[in-house]
């Protein structure tokens, strides 16, 4: 059994980790911390876990964390980096679901996240936890930077095109739509029901922190011209799900059997599903599951790729567990085979 | 033209008053106050009013208010009662959309609202602004207690039965469901989208402040046994609307042509619509309109009445304007004839 | 392994059975039938099952069904009763998720369902599959009438009160609200998104077929006065969940520690959770799970019980699997321990 | 008073026309036709109009229509073109809310709409009813092709850029999201509540009929390189609204004070609102109103324009009435000044 701790278990990412980990056959949930809720039974805050989990939130205690095999950080940005050096020293492995270790360049990180990085020396060691890109390195890692939700959907959607060098990397558009849980569990007027329901809007045009993360991911497989990706996120009036609509231009003379390319690229991936030609994936087919469903459309030089995930599963907690499985030599799909919930 | 002030225009009741008043042909909107937003253009906070209203929020200034013909209070409970004496003295009329003047007995008011009443001497003078019950008194009033949203739907639904003395007043049930706007415009975690969407729950069982208001309303027309009404409110995952499902028992031997009774009772009411026998009114047929739609069902001794309103219109701002029309001798329906919005 | 067939797998109850059964460790899904979709891969109709289930729909073939250990009917009313005699003869067990075997009196059944019953001789043998009421008989049954969704929520909510003889059985009200999936998977204008979203209404007042089923259930534990229950269902704008708000009157002199009564009654029930006093259960705490969460409120002689389930799980497919577990001597909770999905 | 007929008044466009026309001070609603609902009171089908409109649906009778000043067609594609010649001959004017007269080239029309055109000789005369583009021609027109909902939002969003020749017309992307009412009022399984709610998907990639309409609109103001616009529509889980996210590339050396450009272009437009720099328009600020709200964002060579409308108002019925006002010499805003509905 893998002894697991979760730091910061009171947000949506935290409760989703709990939902999935209580179903995982090789996990023993040992510690769940929360500064604000210490002492309170977890199922009191999250009645959805009643009868399924008999633990209470605790104060953060690094010694207790250090006795665990793996520590998940489901905290705001800037928390994990304070504790990672100590935990790694003590022999624990760390999976950070926030952004502290996602960008390799400390200067870029500090510019986008607006604070100094507490342990830039670990940015090099940290492995970006997208199994479809870094499976082998994940298996040997002590420290995982779990990908952002938008970057997961966008990277998986564009990866085959850029790896194959088929499209102009200077002309990419990622129009992304996220359910409200992606904004976290907060008391914010602009996230209140009446402001969000029956409503839709873009936000953070040219200013969202997932932009450099996507560019970094795609940059690792891009050759030739510089990457230029326009990324616009939007807020969908629903709880869960990300839909990325991706636009690219084929190079002159590029072969266009993109359907075969995608099917081949993802043939052995347990959680990426390439739909048949002409399909339109929908959020409901990945809701509460760890799948990414992708469809690719071509017309002349124009390519449109549609990529959907559940932001809390493949976009956060599920992918974190997939990474844990790889790190501990387990079947990558363990605890993650539940079908999507429809309707 | 009626010169109008609104105190506390930043909540959902406030913006709904504005939406309706800018369409009212006899109203001049003179003053809108907000402590927190003073100086800010109203259409900046409420872009739905852009191009339709060129006013900015102001600090509360009783002298400015006193120059208006009528002052609407769209404030939390306990605010209007601080200013009513001064305003009435100055010759303004007041319509309070909060609860300060809804209960006639100061002791009952203080028990339910948990504070001393600032001007109990006005509770007697204040007229409860349900035109279907108090039309004539409203026309002569200086001070209107605009009804609560639940009490409006429940009172209109049960009134004919109790006036006619047909049902046992000791066995009433009001199972009510409200859209989220009824809870106001707040940054509250429990009203955030993800907590409310795809969700439904009761709240405040046996403890909601609209209970004594309903009992007071129905008590004015009840004879015989004491009123005993069980009231349970619930939170619906939608923006607007109240649906009251009302249960009563016919007295032994009571005549049962309730359809005719309801049609006759409301024949001349411009905003109460009795549906044909066997109907089920739905929220969409009153959304954004000032109507109350009612259907009555009977089986043996059991009566079920279904009553729906838009909580922000007939349950708040629309009814307040209906009261204003009556107070100023205008056609009662002026500015309130817009059809409901469907879909 | 239990060899399982599902007849009529194309509705929401069907896909929910599939979602749960593919996660059940003792089940082999052998046959799924559909007249309209025969030959089509199940995951083509239900992409939420892609990669989780590799079966195609087949024509109904009683011989193939008869080779299975248990046949679930997720069909419209009137289908199971055509095939039950043959299947039982062949040694298969049957769980009917429709209403064919729910009412014991054939005359009552025929009046409410508007057709002759094809095998009334089995109504006596059929066991009503509410484990909290009939656990032992279910374990020995060949034929299970799986309860309706409303009757499950209402019966579990009122059972302790009536068993203990504390309330007047002639004064019961069940005000129930259901998500839209309860109406099935259909192309109906009145169930289209724009007609249902941002809307709410009652339907079938005094005319819903779950009324006699509830009365039959409660009648088995009621003594003294005749049962008189007013049942009003409503349609909620959400996918899953039933909320029952139940009203009763305590007998004069009845003890009122109802909290202790409920806790004691359901202490050993794996899927019924009695919330602490003063609580309000919400749909999100049972979404996609097999739990029923109940809270009881008392004020004077008035009792309000709040009872919530997921209509597709405890109200249909989950309860059917719970019954299967009992019939085959398995741990009753096998395959049904997933936590609820929140948000 | 303008005597108005509506052909095909039973869809969402029809009821929206009715909602707005009953509030129009210069309109007399004379005839509403429906083959399927002839004889039925309009308010029976649309209870939202109860008490506001006392008309019944009639069979289509061209002679009755011909006595009206203007006939609105709120019919499926292919209906208006059957009757337009007769009506124009009789002296009536026609506003077609379907697509029969939107494309000038009959061959293009027939390819996209899959049927022969019944009166191609009128395609030349028909005026495309986008007042911001064709105000003067609309004023003199007998026959208006009322724009599609997506083309309205996209054209208004891109018009200033293309008129000014600032962007590469060969690199345009229009990622559009529409509420469900845009799909019409139908009994379709894929538009049922449970299939649409909590869901989101693209549809009709490279195959939507609004693509050639947008290209035709923009083509009239484009010089230089050929237009190449990738258009992807998506289905939002809400009733009303279109959000267009538009992507373009500035020409090398193009001036970039796009904010000033947009403000100048739309300064005198009563229904186009250019938001301040950095804004993100949301659907709720145009819900039920006739406004288009636009924001423009620039970063380097990349431009993102956000454009929102209510698909049933500015995208259909409201714009049709705006056209009617222009055709009859009225104030263009008459009957269309209601603020948006929020929340």
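Per-chain numbering from 1; labels A, B, C and D assigned in written order.
Note that in this section a residue touches a chain if its C-beta (ideal position, glycine included) is under 8 Å from a C-beta of that chain, and two chains touch if they have at least 3 such contacts.
Listed by chain with UniProt protein names: A, B, C, D = N-acetyl-gamma-glutamyl-phosphate reductase.
None of the values given here were measured: they were computed from a predicted structure.
Chain centres here are C-alpha means, and the one lying farthest from chain D is C.
The greater number of contacting C-beta pairs, out of the two interfaces B-C and B-D, is seen for B-C. Rounded to whole angstrom units, the spacing between the C-alpha centres of chain A and chain B is 46.
Distance from the chain B centre to the chain D centre is 37 Å, each centre being the mean of its Cα atoms.
One finds 39 Å separating the Cα centroids of chain B and chain C. Residue positions of chain D touching 2 or more other chains, listed in rising order: 12, 181, 194-195, 197-198, 237-240, 281-282, 284, 287, 343.
Put simply, chain C touches chain A in their complex at residues 12, 15, 18-19, 22-23, 46-53, 181, 198, 239-240, 270, 273, 281-282, 284-289, 291, 293, 337-343. Taken in their complex, chain A has these residues touching chain B: 12, 180-181, 185-189, 191-198, 237-239.
Chain C contributes residues 171, 173, 175, 177, 194-195, 197-203, 205-206, 228, 230, 232, 234, 236-241, 243, 245, 247, 249, 280-284, 287, 297, 299, 302, 304, 306, 308, 343 to its touches with chain B in the complex.
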